[in-house]
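By written order: A, B, C and D. Residues from 1 in each chain.
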Amino acid sequence: MKRYKHLIGAESKDLIERYVSSTEFDTALAKHAAAVMLAHIEALARAGLIPREPYEAMRKALKEVVATGGESLYSWIGDREFEDVFEALELYLYDVAGPDAGRAALGRSRNDHVAAVLRLAARERVLSILEQMLGVRKALIEKALSNKGVILPFFTHTQVAQCGTAPNYFLAHEQAMADAWRAVLHSLEYLRQSPLGSGASAGAYLRIDPSIVEQKLCLDPDPIPPYYATGSRLFLIYTASAVVTAMTELSRFAEDMITLLITVPEGVELPPTHISTSSIMPHKRNPVTLEVARAKAAGVIGGLTALLATYKSLPYGYSLDFQEMNKHFLRILEDAEETLQVIRDFIEGVRLMAEGLEGFVRRFPCWSSDVIEHVAIETGRPLRELYAELAHELHSGGGGAGQASDFLHKYGVSDPLEVVKRRPSEKGIDELIERAERRLRGDEALLKTLRYRHEECMRNLIGEEGAG
Amino acid sequence: MKRYKHLIGAESKDLIERYVSSTEFDTALAKHAAAVMLAHIEALARAGLIPREPYEAMRKALKEVVATGGESLYSWIGDREFEDVFEALELYLYDVAGPDAGRAALGRSRNDHVAAVLRLAARERVLSILEQMLGVRKALIEKALSNKGVILPFFTHTQVAQCGTAPNYFLAHEQAMADAWRAVLHSLEYLRQSPLGSGASAGAYLRIDPSIVEQKLCLDPDPIPPYYATGSRLFLIYTASAVVTAMTELSRFAEDMITLLITVPEGVELPPTHISTSSIMPHKRNPVTLEVARAKAAGVIGGLTALLATYKSLPYGYSLDFQEMNKHFLRILEDAEETLQVIRDFIEGVRLMAEGLEGFVRRFPCWSSDVIEHVAIETGRPLRELYAELAHELHSGGGGAGQASDFLHKYGVSDPLEVVKRRPSEKGIDELIERAERRLRGDEALLKTLRYRHEECMRNLIGEEGAG
Amino acid sequence: MKRYKHLIGAESKDLIERYVSSTEFDTALAKHAAAVMLAHIEALARAGLIPREPYEAMRKALKEVVATGGESLYSWIGDREFEDVFEALELYLYDVAGPDAGRAALGRSRNDHVAAVLRLAARERVLSILEQMLGVRKALIEKALSNKGVILPFFTHTQVAQCGTAPNYFLAHEQAMADAWRAVLHSLEYLRQSPLGSGASAGAYLRIDPSIVEQKLCLDPDPIPPYYATGSRLFLIYTASAVVTAMTELSRFAEDMITLLITVPEGVELPPTHISTSSIMPHKRNPVTLEVARAKAAGVIGGLTALLATYKSLPYGYSLDFQEMNKHFLRILEDAEETLQVIRDFIEGVRLMAEGLEGFVRRFPCWSSDVIEHVAIETGRPLRELYAELAHELHSGGGGAGQASDFLHKYGVSDPLEVVKRRPSEKGIDELIERAERRLRGDEALLKTLRYRHEECMRNLIGEEGAG
Amino acid sequence: MKRYKHLIGAESKDLIERYVSSTEFDTALAKHAAAVMLAHIEALARAGLIPREPYEAMRKALKEVVATGGESLYSWIGDREFEDVFEALELYLYDVAGPDAGRAALGRSRNDHVAAVLRLAARERVLSILEQMLGVRKALIEKALSNKGVILPFFTHTQVAQCGTAPNYFLAHEQAMADAWRAVLHSLEYLRQSPLGSGASAGAYLRIDPSIVEQKLCLDPDPIPPYYATGSRLFLIYTASAVVTAMTELSRFAEDMITLLITVPEGVELPPTHISTSSIMPHKRNPVTLEVARAKAAGVIGGLTALLATYKSLPYGYSLDFQEMNKHFLRILEDAEETLQVIRDFIEGVRLMAEGLEGFVRRFPCWSSDVIEHVAIETGRPLRELYAELAHELHSGGGGAGQASDFLHKYGVSDPLEVVKRRPSEKGIDELIERAERRLRGDEALLKTLRYRHEECMRNLIGEEGAG
C-alpha cells in the first residue's frame, strides 16, 4: 500500500506508480468495495469494536458511495493518485471519521475484500448478461414464430446441404443460447462463496458475524479455506470461460448472417441501423455490427487466454498479477453484455424474404437426402443404391436441381419440397417451439428470483439503520 | 466421402487424402462409432427396415468392435486408407452383410452420428476425469489429516505472508478441485443430448425410436433442433473449458511445490519417483513431473485457444474444421487425465518435514497480522496505529522475526505462533476437514451412480438379443 | 536422467516415466542429436581426449544414425523406455564403445546439446518451409499470368466492393507469402547461434574447438552467453510466430476461395482432388482441404499460445517445460509444411471461369468508385457531390447495377468496366507481375545457397575420415 | 460511413453507433490520419485538382492537427459522435474549406488511408520501443560491468545448478533483448510499404505522385498489390508477434528476480520504488512491478491471440473486424513500451549483495560439473565414472556442499569455486561484454539514423510551404 510505503523504506516514482496503480480502472469496483466495507464495519460495530460516532460517519459516507455507484468517492479522489480503490476508500474513511477509521482494519485484509468485491461486481454483471441472453432467446423464438413455413437453406461445409424452415434455424441458435445460459448460470455457484474473514492468505484473527455477510451481501456464510478464498480466481476463470463460450455462438450467428447475405442477398434484409456504407462505393451495405460482434468474440478469446496464461503460472496466494486479470475479466463481461444487446437488436430487426429464399433454394437439390430416404422406404431398396442413382443423374447433369427430374419422375415425386416438409423435424416444429418457450419462461422466473434476492440484500445493506 | 467421390467427379491424391483423413486419430472413437451404429440398426430392424440375416451379421460385427475397443475394425482396415472411421465402418458392414448394409444409411447421416459418437467418447473420458479428480481430492484430505499441526508458510506476492497449518493448505487445493469438479460435472448435461435423427443439418426423413437411444446409449430422448445438434460443438467447448480450468489449478499446485522446494528445501521431500537428476550435476533433484504438469497446463490452454479460434469463425452446419477440433479436444482430455493421475501420486508421496518448516517460518514475522489484531482487540486501540508501530520496529531492525521482541514484550505476547493457532481458520480446521470429507463422499456416491448408469446402457447395448 | 536416478535415491514408476518421457516424440530429433554428438566427439578426439578405437566405434554408429535419419538408433532402442533420445543415445554409445563412451560427456551437457539439436532440426524444417512457400508463390504468379483479363469481384466487408482482374488478386496473396517468407527467413539468424559449450547453464569447463561447430554443423562459432544459450527459447518462439503468421494468410486464402465458391459457384472450379461429397447428399461438393487448412491455422495459433504461455512464466535455466514446448513447436512446423503443399496443389489446380465471373460482377456497380473519380476529374466537380448523386440513384433503384444507367448516360460512360480497366492498378499489372517474378527468382537463388551450405556441412560431418 | 448512411436507407441508433464507433479509441491515430491527408491533398493540389484557397485552409487545419497530436481535431469534435477519426476528419475539412473539401476524396478511400495511418502510428511506437529496448540493454551491460566477480547461482529446473558470475547473468538477458531487438527492427520493413492509391480494395482510379509519399511520409514509393495493401494486416501481426516475444523475455527476467528474492533474500535488494508492502503485514516487501510486468506479458499474449483469432478467419478485403484489431495492437505496443521503461528502471536500481550471494552459493555443490570435468581431464578417466563417484558421496551425505570434501580432497581441489572461475565462460567474460557493447553501439547508431529519417519526413510534411 502506497500509504505505508515509507514504513518499510519504499519510495515513490511516478512512472512506477502509474504502472502498478489500478485506481482508474477500479471505477467498476468502487460501489462494491464500499458495500463490502459497509457490511464489515456494521459487524464490527455490532461487536462493539467501533464507537458509535465514527461508525455513523463512515456508514453515511459508504452508503453514499454505494448509492452513487462510486461517484462520491471518485469526486473526493480528484487528481490524487492511489494504488487502488481500496487504498483510496480507506483514506476517505480517515477523512470522514478521523483516527477511528483505523479500527475498520480489524478482521480483514485487502486480499479477502478484493476477492469479495470482485465476486459482487461479477455477480451483478452476470445477472445482466443472463438477462440479455434471455432477451436474445426471446427474440429468436419470436422470429421462429413469425417465420413459420419460410424455407431456408441449411448449410454444411458452407455449401447448401438441406433445406428446412426458418423456425428450425432460429431454434438452433435459441438452443445454443439456452445451453450457454446454463453454463453462465452455474458461475453464480462460485460467486456466492464468501472470502470474508480469510485475511491476507491464512485467515484473519477476528471472525466477524457471518450472518451479516449472508443478509447484506448475499454471500454464503459457510467458511471456505482462506488460502483458496484469497488465492484462487477459479470463479473468475470459470465465469469468463462460460461467457466466452456464449460469445463464440453469437459470433457464429454473425457468420451465418454474413454468409446468408452474400449467398442469398435477395433473401434477407438487415435492420437499417445495422448497416453502414462506404465512403466511396455508394452501393455497399456493410454488415458492420456483425463484423464487430465476431471480432469481439475473438477479443474475448484473447482475454481468456490472457487470464489463463497469467493464472496457470502463479503459486498460491494473492499476487498483483490478479489486478491485471481483473481488467481482462471486466472487459470480457462488458464486451459480452454489449454484444448481446446488439445481436438481440439485430435479430428483432432482421427480415427474411420468403420468396427470395425459396427461389434460391429451388436451384439446389437440397431435398436429396429426404427424397432418397422417402424412396428407400417406399420401394424397400437399400438407400445407398438410390443414392448412387441420384448422384449419377445429378453429376451428369451438372449438379443443378432441375436435372434430377428423371429421378423424381421415376419415383413419383412431384414436388420434392413437399417431401421435405414431411420430415419429422419440420412436422414437430410446433412442439419444439413450445418446448423452447417453456424453458424460456422457467429461466425468466429463475432469474427474476435471483435478481430479487440480490436487490433485497442491497436494500438490507443500505436501508437499515445499522448496528446500534 | 472417399467412396463416393467418383460419383461427383472428384479424384484422389495421396497428399490430399492424408491431409483430410482422420482415420489414424479416430481410434479413440471407433468403439463409440460402433455403439451408435449398433443402436441405430437395432432401431431399423425393429421397424422392419433391415432383414434379419444381414442385421444379425452386422450386429455381431459391431458388437465385436465395441467389445474390442475398435480393434477388430482396425485389424480389418489394415493398410487401407479411409477418410475417417465412419467411412471405414460403413464399408466394413458391406463386407460383413453385403448390399443390405446399404440399408443402414436410412435415418442417419455421418454428421449426426459423429456428434453422438463424440458425446459418448467425451462422456467416458469425463467420467474418468471426474474419478481422477476425486482421487486427488481424497489424497489432499488425507494429507490434511496426517499433517495436523504442521506449520507452513502461506505466501502472497511469492513472499512469506502469514503462517498456518498444513491442513489449511491442503484444503485450499481440495476446495479448488471440488469447485472444478462441479464445473466438469456440469458438462454431462450437454453430453447427454442426443443428436441422432438430425441428419446432415436439418433433420433425417426417418425418425428412429428414441427410446432405444435412451436405453442403449444413455442419451436423452428429447429432440433438440437438428442444426444445433449437428452444427454446434458447444458441448465440446464447455467440457474443454472446464477441464482447462481444473488444469490451471493443478499447475498452480505444481508451482506451489516448486516454490516451496526452492524456498524451504529442508521442509519438503518429494516422492523419489517424481524427481530426476542431471547428467552432469549429480547434486540436482529436479521436480520433473511438476514441470511437465505445468507445461501441460499451458498445452491445454493452447488446445482451448485452438478450439475457440476454429469455432468462433464457422457459420453453422458441420464443417471439416470440426474434425481438427476433435484432435485438440481429445488431447486436452488425455493430458488432463494423465496429469491428474500423476499429481495424485505426487500428493500421496510428498512429505512435509515439520521441523524444517517451523524453523524456516520462525525466521519471519508471519504472525504480524494476527498479533496486531489480537493486541488491537485487547487494548482497544485502532489497528492501524499498532500496524505503524510494528512496521517501524521491523523496518528499523531489518525485517527479521527476532527484531520485533520489543513489540511482543510490550504487549505481553510470549510466543506469537500461539496467537496464530487461536486464529479461527486454525481453530475451525476440523470442521473444515469434515465438510470436505462429507462433500467428497457425496460426490463419490454421485459419480458411482453416473458410472453405473453408463455401464448399464452399455450392457443393454451389447447384451441383449436385439430386435427380432 | 533415468540412468542416474538411483545415484540420488530417485526411483522409477511406469506412470511417471511415461509422463516425463519424450523418447517416442523425439524421433524428429534423433538424426540431429547424433549429428551434434558426432561433431562433439570429433572435437574431443582431435584434442586427444578420446582414444582412437572407441572414437571410431562411436563415430561409425553415429554416422549410421545420421544417415538413417535415426532409424538405427530406434531399432536398438526397441521396447526399452528412456527419458529421451539423448539418454538413449548415450547408452547406445556405451553399448558400442564400452566404458570409454563415458568420455564423450566431457565439455557438454544435455542442455546445450538439446539447444543445438533443436536449432538444427528447426533449420532443416525451416528450409523446407521456405521452399514450400516459394512453391506457393510460384503457383500464384503462374495463376496471375494465365488469368490476365479475367474479371473478379474484390470484396470489402464480405460484400462485393470493386472489381478487378485475377492477376491483381493472385499477386496480393503472392505479396503476403513474400512478406511472410522474409519473416520466416529471419529466423535463420537465430537458428545459427551455437549453444555448444554452454554446459548446463553457466558454461562447460572444457571448451571444444569452435571451428568444428562451424564447419560441420553450420553454426556460428561466436560464443553467446551460456545462460541464454541453454535457457532461452527465443529462437523457437520467433520461428513459430513467423510460421503462424504465414499460416494465417494461407487460412485467409482458404476463406477467400470458400467465399468465392458460395458467392459465384459458376465462376470457380475447385481441383477435383480437393473436394469431397456427402454420404447422403450427392449434390454436395465440399471444399474439404480448405476447411482443414483454416482449421490447422487455428491449430497452430493454439500451438503458439501454448508455447508463449509456457515460456513467459519460466525463470531462466533449462526446465522440463521446454520438452513439452518442443512438441508444440514441431507440430506447428509440420502442420505448416503440409498445409503449404496442399495449398500449392490447390492453387495449381483451381480454375477460374471468366464468363461466370463477369456475369456475376456485372450484376453489381463494382465500378462505382472508379466511375465517380473519372467523372470528378472530367467535370471538375467535387467527388463527394457525384458520390451523393450516384448513391441516390442506386438506392432509389434498389442497388442493382443496371439501375445507374441514368448516371452513366449523363456522364457519357458507355461501359463502366472499361473505366475500371484504365485504373492504374490494372494498367500497371504487367510491371507488378514482373516485380513479383524478379523477387521470386532472387529468393529462389538465396534459398538455394542456404540449402547448399547446409548440405555441405552435413557432408563435412559425415563424409570426412575424422580426427585421427 | 455514418454521414452517408441516409443515402442507402440506413438509420442511426445510439446503442449501435457506440458499438461500431472507434472515435474514442482513435486518439492514438488522429495525428497520423492528418499527416496522411496532408500529403494527399498536397499531391492533389500539385496536380491542380484542388483550388488554392480551400487547399490552404485545409492544409493549415491539418498541420495543426499534426502539430497538436490530434488535439485540435478532438476539441472540434467535442461531444459529437462519429464512426471513426477518418469520418470526423473529413467533416472537419468541410467545416474548414466548404464543399471543396469534397475534392479531397479523389484518389483515395478510407481503407487505403487507414492502412497507411496504422503503419505510421505503428512505426512511431516501434521506434520508441526499439529505443526503450536499447535502454534495457544498456542497463544490463552496465550491471554486468559493475558486478564483475560477484558469484550468482545459475538455475535449471528452478534448482541451483551451477554458479557463475553476475556479468554472465546480465549478458544472457542482454543477448535476449538484442535478439528480440532484431525481430522488432525487422517489422520496419513492413511498416514502410505504402498502401496509398490502393483505394477500397482493387485500386484508386487516380494515382497521386508517389514521390510525395516517399518524401513526406517516409513510405516506399513502389506499388504493392492493392488488395494486399488494404486487405492484409500481416505488418500488424508480425509487429505484435515480435513485441510479444520481447515481452516474454522480460517476463522471464521478472520471474528470475522473484525467484532470486525468495531463494536468496540476503543476496538481492530491490529498488525501493519497486516494492510495496501489505496493509496488514508490515514485514512484507512485495515485488509489485515485477508481478505487473509478467502479468502484462500474459496480457499481450492474449492480445496476440485476439489478433490471430480475428485475422485467420477473414476473407480478403477490409472488414470492420480490423478496427477491433487496432485496439489490441495499440494496447500491446503501449504495454510493451511501459513495461520496458519500468524494467529498465528496475535494472538500474537493483543491487546484488556479493556476500549474501556467495554465502548462499557455497551451501550447494554448484561447482560439481566443473570439478568433474577438471578431474576427468587431469586424471584421464571417463567423466561418467567420476560423476558416479561424486554422486554417491553427495547422496550418502545428503546433498549439501560440505559433504563432498572427500572427493575434493582426493583429487586435490582446495576451493572448488576457483575451478569455476577457470571456466571459459568466466575467463572470456570481458570479451563477451565488449561484444555486447559493440553491438549496442551499432544498434544505437542505426536507430538514430532511422529516427532522423522519420523526423525529416515529418519536417518535410509540416514545414514546407506546400504545392502552389
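Simple rule for what comes next: contacts are C-beta pairs under 8 Å (C-beta built on N, C-alpha and C of every residue); 3 or more make two chains touch, one makes a residue touch a chain.
Worth saying up front: this structure is predicted, and the values here are computed from it rather than measured.
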Task = Over half of the contact pairs shared by residue number: find the pair among B-C, B-D or A-B that meets that against C-D.
result = A-B
Winner on C-beta contact pairs when A-C is weighed against A-B = A-B
Query = At the place where copies subunit A and subunit D touch, is the share of residue numbers found on both sides over half (same) or under half (different)?
reply = same
Inquiry  = Using Cα averages as centroids, what's the distance between subunit A and subunit D in whole Å?
reply    = 32
Query = Quick one: subunit A and subunit C, Cα centre-to-centre, how many Å?
reply = 37
Query = For subunit A and subunit B, what's the span in angstrom between their mean Cα positions?
reply = 23
Residues of subunit A whose C-beta touches two or more other chains = 4, 7-9, 105, 109, 156-158, 161-162, 199-200, 258-259, 277-282, 284-286, 288, 291, 294, 298, 301, 304-305, 308-309, 312-313, 319-320, 369, 383, 387-388, 391, 394-395, 399
Ask   = Which positions of subunit B touch subunit D when the two form their complex?
value = 156-159, 161-162, 258-259, 261-263, 277-288, 291, 305, 308-309, 312-313, 364-365, 368-369, 372, 383, 387-388, 390-391, 394-395, 399
Partner subunit B, residues of subunit C touching it in the complex = 1-2, 4-5, 7-13, 15-16, 18-20, 83, 86-87, 90, 105, 109-110, 199-200, 272-282, 284-286, 288-289, 291-292, 294-296, 298-299, 301-307, 309-310, 313, 319-321, 323-325, 327-328, 338-339, 341-342, 345
Request  = Please give the residue numbers of subunit A that touch subunit B in the complex, ascending.
outcome  = 4, 7-9, 49, 99-103, 105-107, 109, 111, 154-158, 161-164, 168-169, 171-176, 179-180, 182-183, 186, 189-190, 197-207, 222-228, 230-232, 234-235, 237-238, 241-242, 244-245, 247-249, 251-253, 255-256, 258-259, 294, 297-298, 301, 304-305, 308-309, 311-320, 369-370, 373-374, 376-377, 382-385, 387-388, 391-392, 394-395, 399, 419, 422-426, 428, 431-432, 435
